[in-house]
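The same subunit A turns up in both complexes below, where it pairs with subunit B and then with subunit C.
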Partner chain A sequence: MSGPSTYQPKNGFTRWLDARLPVMRLVHDSFVAYPTPRNLNYWWTFGAILSFCLAVQIVTGIILAMHYVGHVDLAFASVQRIDRDVPYGWLIQNIHSVGASMFFLAVYIHMFRGLYYGSYKAPREILWILGCIIYLLMVATAFLGYSLPWGQMSFWAATVITNLIGALPVVGESIKNWLMGGFAIDNPTLTRFFSLHYLLPFVIAGVVILHIWALHVSGQNNPAGVDPKDESDTVPFTPHATMKDLFALTVFLILFAIFVFYMPDSLGHPDNYIPANPVVTPPHIVPEWYLLPFYAILRAIDFNVGPIDSKLGGVILMFASIAILFVLPWLDTSKIRSMRYRPVARQFFLIFVAVCIALGWCGQMNPSYSMFTAGEFRAGLHWVEGGQSIQRAVTAESERRAGATFEEAAEAMKAEGAQIVMVDRSSPTDATLTAISGGQLREAELTAHSLDELEAQIAERKAALGAAGVPYVEIERNLPFEFTVTRFAQILTAYYFLFFLVILPLLGLRETPGRVPETIAKSIRGAA
Partner chain B sequence: MAETTADAADAPHDAHDAPSRRDFIYVAAGAVGAVGTIAAIWPLIDQMNPAADTRAMATTEIDLAALQEGQQIVATWQGKPVFVRHRTAAEIAAARRDDYAPLKDPATDASRLVQADGKPGNPAFLVLQASCTHLGCVPTFAAGDYRGWMCPCHGSHYDTSGRIRRGPAPLNLAVAPYVYLTETSIRIG
Partner chain C sequence: MKLRSLWVAVFAALAFLAAPALAAEDAEHPPAVAWSFEGPFGKYDVNAVQRGFLVYQTVCATCHSLNHLSYRNLGEPGGPYEASWVMNEETGEREIELGAGHGRRVDPNENPYVRAIAAAVMIRDIDRETGEETERAGRPSDRFRNPYRNSAAAAAANGGAIPPDLSVINLARKGGADYIRAILLGYTGEEREGRYVNRYFSGGLIGMPSPLTQAGMVAYEDGTEATIEQMATDVTHFLQWASDPHMAARKEMGLVVMVFLIILAALTYLAYKNVWRDVKH
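Coming up: the complex of A and B.
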């Protein structure tokens, strides 16, 4: 793509340098003469914005590390001191914490851009995979960084995430203790998280260099998804891309500055201003906004699948949701890159974006919150007032038969005239049945709008009856279908995976693409 | 092995078919190098495991005398919270009554009192790890449907034996390994 170098050293020194270390040539070929497609839109400016974000995080991070103290007793106070006492510490700390959010905002736009315009397809597979690696490293860095201020959310997010690793069979517990450096999140954990949080951004910087290298080998994709035919389809990087990137960056910086100066805490959780307390859990643990969709996928699995319990299942799906991006270039069977010319795929893509946002919403909700219920929660209570009781001991042949045996015995007692029979099991195979005959059979119906409310009503009624001398209350619960956040998240998670595993593979084989206009299919010069 | 090398020495030009003495040296040197590399990397990995001082803090002693009936204390053992609950007679009875009720993670109350050395415990004192088996929050004392504990995070209800009764948690609150040192003091760990 870049072709032979056009660099011409201008004076004696640059000629001398070029013969020894052609670094000026590298810069010239990569950022000055480098040909970029002339039809790039503003979605292509996010790469430059991301490079800027990385630089900002590294610079502000190194400064924070000069004042931050990585110790459980001092970390929280040291961040407060940065905010209050260190000259301009408030600014630098805000830029770093808001910067993490801005970084993720930019990376998500950058990734959706790649998905929409098919930038992961040949010959850009390696470029895409390097991007996925950068994203994984960013997630790890942000998770580690979030634990450093040692507030309640820092501590409990770290606890929840390390517990997930403990869900792995057999080795989970040892890996967890190895990661934590102890049996709980504690000082050894904090110090290693700090060390790794300092390291990873530099690893990211290294992978970014590879990412840009791969980009400059295959050349940039463009909104049409059709390769530039000749030189007239491209313009030199400087000044065209340089200026456009700078303009976009300026706009992005305005948004950045609004957050830094006017609402630096709006993206974080207020509980992180409470120092970490290992014996008190905040009522609602949530990660930072940029990880909410994954948190939702993690919690969507509330059922066991064979030997995989719900917790492990959630962990597997959460990692799979990122892993699937790595193989995307081979899942999408369509040869057409840009969704501009794939009208059907375009619709599915837009739904996919909405699904990701909706998953984020699920991630910050209480998973058992009902979005709607079909009807009311009812319970029927039966009890007997007065009457006399007879007791009968029943022994079942085996544990497996126990339930049925006791039920038969109870039915028999009812047939003999008992109003109500209670079963009190004293061992796996023994029970005492108490039948109450005579007296008055009473009943009551309770209705509520939620299960919690219903259970509270039942408990209250039972206590009142117990106090009035009623020995036994039979309860029959009648629960309506409930559409909880978990159910919603399950549907969304299913779409997330179907999009990659079924929709993209099948669509590429079956769809009729839109027609690429002549002016794009041919080179500009050819068409003129 | 000796035969192979002897053969190879006899036919030095037949390098493609028979492994030569040189191949053997390559493989042997490579194997020693690999073992050496692993041996050198191991300390770099193992250093992250719990250190000796962390492991030394692995037990906690608790005096039960001050703990009133109907109360609980939250102790820390290995940096993790542990519930020690002095149960009332009614709470013990409620726990026993449900021994054979339909349970998600069936266990009798007596089995949850057994000490680390296998001796039966005192039904009055329940010693549990205070970590919700869902995602590890610390459940709230004497709350929920069964007045055992309720986890505030996603609403798991535990009974007065710490057994899971309702909500997303898959398992009962784990019993902390403890033994009685005297009538009124225990050691956890």
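Coming up: the complex of A and C.
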């Protein structure tokens, strides 16, 4: 906690300055004398690492903006020019694109640390909420930045995300058109994305200042989750925390440099090296790795709930997954901050981390990919060899009655002696029924291990029969239960929300905490 | 203890589920080649890049552009025709020699190899006197010649499909160099619906007819036998350089940065321990 200032101006100039603008006092109190808990571990070094990441992104970004051209016809080529012809452009561009990933890696560790040690609990609610705002701004900035190189993934990610906003009722369409600057993703979209991508980092910097301010009012949490009792539990920020942060930052930079110098493209998608093409949709549209868990939540909703269709449901859930973090301080009922002393909650937390990683995996998978199936894929084929066909047009009274009407008519034709009847719908209420009577009814059964394999077999058999003069094959597919990526993502999404809405609120009321050791409950000097 | 084994089981299950997902592609997996540019110390094989450039100029350039490259890039540091000044011991005169060498680097625009390559290409331009369209011999500063006037012409000449630009092709395809080489070698010779069967292409049918049809279609100058496989490997090597021309500089700087950071980490660690040596925590 920031006590009274201990700053002593040393010479005439600093005394003169201190009386007019006490900026040196602010720096001294915030980054030199600021009391830091003694027992902080390495997870607490990510605050400094994140500040560094923000500075790196802003500095490299400003240089890149000097060379980048925000125009749909020139953007891709201008990034290539930066990589090839601008002196050390390849270095700056790699640092900026890898830096985005490193920034998110650090922020996720920082957030999970806050979750584990209960850093969101009183009196740090505002500190936590400011952090959530920073994260949200980071997501927006990263998304806007990803669209700037104007590669295929840039273009299609922008299309998918703006379409999501269009799913919102009433206002969605207007907001979408306003964001796009027209009715499709085009040059106005790119120029406004560039403008906002340049603006938001400075907004982040502003909120970071508030975040640090709030931190310095309430003081840092620590692994024990017990507030320092007196001054002897803390050490001055400089040199103790400064040196530790510097060491941790250097280790982090080694990882950063491995990516920048040895695998700069490994974190991106190859499709973004193909210039944007509005008429060719890539087979898999995926965001960058750090947004995959949210993408998985978005796609997990493949069903409609009452008036909410699946698309809107996904959008709501995706935003809710971030929004829920804002109210977390009031959802967790436990008085104990650190999960070190909450053995049951710790297990649920570890599952939560695994769930977030698994959601990321789901996000990059084809949602209909089948993880396992119970049994085989079967299809029964029926056809008639020879015989003669009769055609009959049927019109239903209404669209709702159409299905039943056609079925009744088909049954009637079968009763008249037809072996097989096919329904060819020409409009929602009209259909032509073709019945084949006489001839020989034949059947065959196909089995396969996957749906694709089965469809290939069906197509092959149909082609062979078609060549033999059989006009119509009735196919009855018998598919086993399939556990798809979407199902898996649904279970994971359910856990994500249950963790915040049920597990944390209930656990705080029911659990028996582990014993806090005496040496932590008391001050260090008192125990020694 | 029980909980720990549960965790092991969960991660084992996840790993098991992830395994078939990675192999779920319809095309054959490209065979892995031991490229000289792989690994943290990997370098381009200059001879392979030169041969590959010849393959590009003779075969690929009839349909594929290389829009983001200029002829001067061939003579820039790390490029296949980089040259330097050397002193001829016998005559005492300065001569130009291929390679980075030890002497002063030859300006790419003055580089005789690059000038000759550019001059052999006719570049579309506007005559300054008349304003008419004209063609002139290329210069090192020119962009690589685009085989088509515009994208409509490219589409019209290729049945509606525009041959992709090759500037960053090795980065733009999953599997990188291995995949590009495999595509060039993956033709079975069958043709279906006006497209060509290729074992490594997703869907199996590719619009591009087999470009490397017979051994020796490119006349290599360094005595290497121009087999189809050799040409495919070489042109892929060239395209890798085209996609990532600063790789050598990047890896060289990376080594210095890594050594610096590791020493810095050791020093900051010692300083950190020193500051905290008398602090109980």
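Throughout what follows, the second predicted complex is superposed on the first by the 467 of 528 C-alpha atoms of A that agree within 3 Å, B and C clash if a C-alpha of one lies under 4 Å from a C-alpha of the other, contacts with A are read in each partner's own complex, and residues count from 1 in each chain.
Basically, a residue touches a chain if its C-beta (ideal position, glycine included) is under 8 Å from a C-beta of that chain, and two chains touch if they have at least 3 such contacts.
On a predicted model such as this, the values are computed, not experimentally measured, just so you know.
Asker: Is A:L433 touching anything from subunit B or subunit C once the two structures are fitted on A? First, second, both or neither.
Answerer: neither
Asker: Regarding the shared-chain residue A:R425, is it in contact with subunit B (first), subunit C (second), both, or neither?
Answerer: Only subunit B; A:R425 stays clear of subunit C.
Asker: Contact-wise, after the overlay, does A:W90 reach subunit B, subunit C, both or neither (first, second, both, neither)?
Answerer: Once the two structures are laid over each other on A, A:W90 reaches subunit C alone.
Asker: Once the structures are superposed on A, label A:V286 by its partner contacts, choosing first (subunit B), second (subunit C), both or neither.
Answerer: After superposition on chain A, A:V286 lies in contact with neither partner.
Asker: Per the contact definition in the header, classify A:A358: touching subunit B only (first), subunit C only (second), both, or neither.
Answerer: In the superposition, A:A358 contacts subunit C only.
Asker: With both complexes overlaid on chain A, does A:D271 touch subunit B (first), subunit C (second), both or neither?
Answerer: second
Asker: Take the contacts of subunit A with subunit B and those with subunit C, and give the residues found in both.
Answerer: On subunit A, the overlap between the subunit B and subunit C contacts is residues 283.
Asker: In their complex, what parts of subunit A are in touch with subunit C?
Answerer: So the residues of subunit A touching subunit C come out as 38-39, 77, 80-81, 83-84, 90-91, 94, 235, 239-240, 243-244, 246-247, 250-251, 253-254, 257-258, 260-262, 264-265, 270-271, 273-275, 283, 347, 350, 354, 358, 361, 365, 369, 371-372, 524, 528.
Asker: Using the touch definition from the top, list the residues of subunit B that touch subunit A in their complex.
Answerer: 48-51, 54, 58, 74, 76, 78-81, 97, 99-101, 130-131, 134-138, 145, 151-155, 166-168, 170
Asker: Of all residues in subunit C, which touch subunit A in the complex?
Answerer: Residues of subunit C touching subunit A: 3, 7, 10-11, 14, 17-18, 21, 24, 40, 67-69, 73, 164-165, 167-168, 171-174, 176, 202, 243, 245-246, 249-251, 253-254, 257-258, 261-262, 264-265, 268-269, 271-272, 275-276, 279-281.
Asker: Using the touch definition up top, name the residues of subunit A that touch subunit B in the complex.
Answerer: Residues of subunit A touching subunit B: 156, 159-160, 163-164, 177-186, 188, 192, 278-281, 283-285, 299, 302, 304, 309-311, 366-368, 424-428, 431, 452, 455, 459.
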